[in-house]
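Chain lettering (A, B, C and D) follows the sequence in which the chains are written, and residue indices restart at 1 in each chain.
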Amino acid sequence: MPAAALLLAAFTLILQQPRPQPAPGSAPIKFEPTAGVQTFAVREPVLRIKPGAVVESRTFSRAGDYYERAGGAWPGEVGPFYIEGATPNDTLVVKILRLRLNRDTAVSSVGPGGISAVAGDSRTRMLNDPLPARRFVWQLDRTRNVGVIELPSSASKRIELPLSPMLGRLAVAPAGEEEFGGLWPGNFGGNMDSSDAREGTTVYLPVFHEGALFYFGDVHALQGDGEIVGSGLETTADVTFQFDVIKGRRIRWPRMEDANDIMVAGSGRPLVDAFRIAQVELIEWLVDEYGFDKMDAYQVVSQAGHSRIANVVDPNYTVMAKFPKQLLPSKVK
Amino acid sequence: MPAAALLLAAFTLILQQPRPQPAPGSAPIKFEPTAGVQTFAVREPVLRIKPGAVVESRTFSRAGDYYERAGGAWPGEVGPFYIEGATPNDTLVVKILRLRLNRDTAVSSVGPGGISAVAGDSRTRMLNDPLPARRFVWQLDRTRNVGVIELPSSASKRIELPLSPMLGRLAVAPAGEEEFGGLWPGNFGGNMDSSDAREGTTVYLPVFHEGALFYFGDVHALQGDGEIVGSGLETTADVTFQFDVIKGRRIRWPRMEDANDIMVAGSGRPLVDAFRIAQVELIEWLVDEYGFDKMDAYQVVSQAGHSRIANVVDPNYTVMAKFPKQLLPSKVK
Amino acid sequence: MPAAALLLAAFTLILQQPRPQPAPGSAPIKFEPTAGVQTFAVREPVLRIKPGAVVESRTFSRAGDYYERAGGAWPGEVGPFYIEGATPNDTLVVKILRLRLNRDTAVSSVGPGGISAVAGDSRTRMLNDPLPARRFVWQLDRTRNVGVIELPSSASKRIELPLSPMLGRLAVAPAGEEEFGGLWPGNFGGNMDSSDAREGTTVYLPVFHEGALFYFGDVHALQGDGEIVGSGLETTADVTFQFDVIKGRRIRWPRMEDANDIMVAGSGRPLVDAFRIAQVELIEWLVDEYGFDKMDAYQVVSQAGHSRIANVVDPNYTVMAKFPKQLLPSKVK
Amino acid sequence: MPAAALLLAAFTLILQQPRPQPAPGSAPIKFEPTAGVQTFAVREPVLRIKPGAVVESRTFSRAGDYYERAGGAWPGEVGPFYIEGATPNDTLVVKILRLRLNRDTAVSSVGPGGISAVAGDSRTRMLNDPLPARRFVWQLDRTRNVGVIELPSSASKRIELPLSPMLGRLAVAPAGEEEFGGLWPGNFGGNMDSSDAREGTTVYLPVFHEGALFYFGDVHALQGDGEIVGSGLETTADVTFQFDVIKGRRIRWPRMEDANDIMVAGSGRPLVDAFRIAQVELIEWLVDEYGFDKMDAYQVVSQAGHSRIANVVDPNYTVMAKFPKQLLPSKVK
């Protein structure tokens, strides 16, 4: 058996096995962030870990920041984590084992000058007067798992919404020398603002640099599709990840997987191009791993695929294309 | 009490009452279509009914048409039904009481020259060679509620998908003198291709002409979000509607309601503009009927609203903006 | 020589000849419009003419209409003219021999609710407050060929702009049964709002119905690229056309030709799709008539082609793709 | 006279004066680039100059690069130049005094995987097969000022196009920590690919960092509107700039000025948003510097403004909005 075939067989085995567990007896790594960074880029790692490692951490916040007061600075993201053995053209696997809110409030800021899907902003310039600025502070009742806000100008006076915490930002360092601000999503992940990035979800990211250089942050206690106001219920959380590396498997765009679906996160502008990226990548996924002919995969995704509009406010918009796992045939590789 | 206030009170009462039922003892009207029409427009009605009437009918098909053979002509839509008492600026209410498939096959045709969300077509012109033409014929197992297709070029050789029948086209005659072909969705409804138009869903359409002039057709036994291949599992069905009119209530875009959500169907190009229409109309709905301040409604829809990309292939794309009914406060009117 | 080759040779000759002139001695036809129509559609012709005919007419206006007072109704377009011998898949040739303003004022109306490229409107819905309504009445100094307006709120108090009259609407009846309101451009021409449709320009339109059924109207004494405010200097004019038919030559989208350029008018939404239609049609024009290989035509148009954004306000946007005539090689057919 | 008024008067004087000339007797600075950079970012300057300085340089190229052979690496841009006294919220003025081609060939590369306005690419993903790869090598006849290429597959066999050299990339370091690859245009300028950046044009760029940090490169001997094939006639040139700083004047997007027009370069996706940025900025320019009321400026730009689609292939598209200088009233500041 030649080396290449052996390698392929080995990879196939790896892929068919359950996700790697930490070595028996190896305790989770605890990582306490002491600073946040404002961009996704190649920089000195704050933590080095091995594939299979479980890391318990939390998103970053500091006194007086965005979460605490109007006009407070954005605290930035945590990272990068260097995952040993991850090299370009591998796939980084990030399982969100646990995501738990750790504060009693969440904020949602609205303009002026803010980003919006349904009002003029700095990227969709309009001659109309801007919307007034508002800062909504939500109370998070973590026992009942609801967010509550007083709305004195509305007939109902208050409203209560069930929470569904998510991680807005999950990234690797982008390809080449580029360095994108924390608002950007792209093929490196980043600020996808997808409510599918929840506890229990596994996220797959392409690797562009040695060690992958993983970043995370931007918890939303709740966010609707499209994040039209430009922010979710922005807050902080404790989070536990397990990391893994799929050697030699290259993906072009972030993928996710939860109990129900396999998913691709396409990011771009215009919205239809984000949608196209996600759909075409999903079709190619069915071709590559599930043995579909391209036209058959196109047909099947068209009939049984689902989509979520994740964000329509960031420098790139993000759309999730999904296919139900129970409808998939067996993998061919 | 002045006349206007009386009128308002009366409307409010009407709106708060359960949807009108057919007069006791009045049997459903049976309507057997004998022809289809190719456009949504003002034309001579094929049926005249009163508000509250229940109509049992079916979508139209004729021997040798699109459903039966490659190259077969599109049979057209059924209608128009004239609903007595419906006048411009009223709202037509169409409850889909029953929607049952009535044939054992469904077809999905793919180019060349076909419409597509992920390939060049006549509206998104590209220099690339067109995709090859294909006609997928699905077997509908109505007992097990699945569609089955043989895929000899794929590793799995066949695939089976659970069905979820929907009505692609539900329309009133468009405003003014305009006459749109059957592929068009718009503020008059039309070819919205929304999988939310299912059995149990209530559809609200604006009325632009006396009698509303209602059309329906284009059953999909199943269709994924975006209908990326340009067609669902195209087939025919028996359908039972109940009609009603909300006098004096003007809506600008079609709305729907099912057990879980209130919804708006925004149609336009680009995709982001269809999304914007749906979101802004949903926000204004919360303002008008549920007493929200505009900025509060904007916030609340942003945090708890959901969206479905209905189609990204028709002359206008359609996006559904949804809000969960259980999160709504009481109506104020 | 077989019939097909003869036919081809004949067509080639026709195309290489100067545009047909009215038969010697045949006087121009004078047509005085007495009504306007609100849609582009198949309807009873108001005039029947032969290919080669010259028609002297004017755009329609009536007392108290849009041109005369705020809130005045749109007078509608003139037509249809039935051009004998024009059958589907022919090309209608319309030479604008003369276009002369015939009134001393022009108006440009701005919202609210108006269409705009840089403010929320009914198709690009925004939560922002609408712009205030304004009606600008320009004085047309036809001797000096300038439009003049008083601007009391601006430092300059008045401004004077050189005029460049154009015809906003030039159409044939659309394919099939569809009927589009006067605001629509499309593959049938219509409200392209291209400032290239000037005196001296030849316009080519596809023929979808017997007689072509030609419409015209909507004079702009001046209009900038994109018509961002939703209207040009809207006024009326005397216009002289010469009509011709190219038998057996099918074009998919309107074309124009002036002293400098050959042009294609692509209409659609989003803007990039209007641009794509125009560019791809222009490339295919170079392939079909000038003997370019497709990749060569793509290269050459990319390096020497020009574009004009005609309108970014109508139900479809219009983009002109142009290629300089002096850079073209000889025609191959 | 208070300090602020004095300051304003001083600025007004500066603005009304002819662009600063190098001090009498001060020779132009000659700068020979020895390396290129791949991103627009804050980095160590390669040259420090004073406002008013004239710099004679050339775009960078090295043996075996993109310009010389298929698959050759992109040589990168020249810079950054540090302009003394330029601080954030100033405006950098770059006058292109001279731009002369300095090699006898230019190349235009086409896919596969290449960027395109009219074919699927990595940002507008399509299921269609990609276009074939081609590398067009143009001969530049600098005496006759034409580019010539053999086209063996086309009827004409060769074509000759008049040249019009331009600089594709003119940038300052972007705001904050972001670092964009050389393909990006944005509010920092960058790869705008505007054929208006020619000899004689003055370019205005916002200043985000001390010294402005100016970059340039990417000469096109010729490029059509939209650069639809993804490249112009890519070559190198000698270039002479004169630099200046307008203290205390903040612009949000790049501006240009030539003998005929004032212009704004708006960059973004979708295309309509690039168009909107350019138009709204142009309107605000007329308001700020020429004393127009906003609605008046909107009207006047709509009637007499022109646009150029600069590129429809880069990560952001670029549109130029222009207003004829001869139609402008006097400046008010």
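The rule we apply is simple: a contact is a pair of C-beta atoms (placed from the backbone, for glycine too) under 8 Å apart; a residue touches a chain by one contact, two chains touch by 3 or more.
Predicted model, so just to flag it, every value in this text is computed and none were measured.
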| item | value |
| --- | --- |
| Pair sharing more residue contacts (C-beta pairs) when A-B is set against B-D | A-B |
| Chain whose Cα centroid lies at the greatest distance from that of chain A | C |
| Inter-chain centre distance, chain B versus chain D - centres from mean C-alpha coordinates, in Å | 48 |
| Chain centre separation (chain A, chain D; CA means) in Å | 35 |
| Whole-Å gap between the CA centroids of chain A and chain B | 33 |
| Residues of chain A whose C-beta touches two or more other chains | 118, 125-127, 131, 270, 272, 276, 279-280, 283, 298 |
| Contact footprint of chain C on chain D as seen in their complex | 108, 110, 117-118, 131-132, 134, 136, 147, 149, 151, 153-156, 159-162, 222-229, 231-233, 270-272, 275-276, 279-280, 283, 290-293, 295-309, 312, 317, 319, 327, 329-330, 332 |
| Contacting residues of chain A [partner chain C, same complex] | 116, 118-120, 125-131, 270, 272 |
| Of all residues in chain C, those that touch chain B in their complex | 38-39, 41, 123-127, 176-181, 266, 268-270, 273, 276-277, 279-281, 283, 294, 298 |
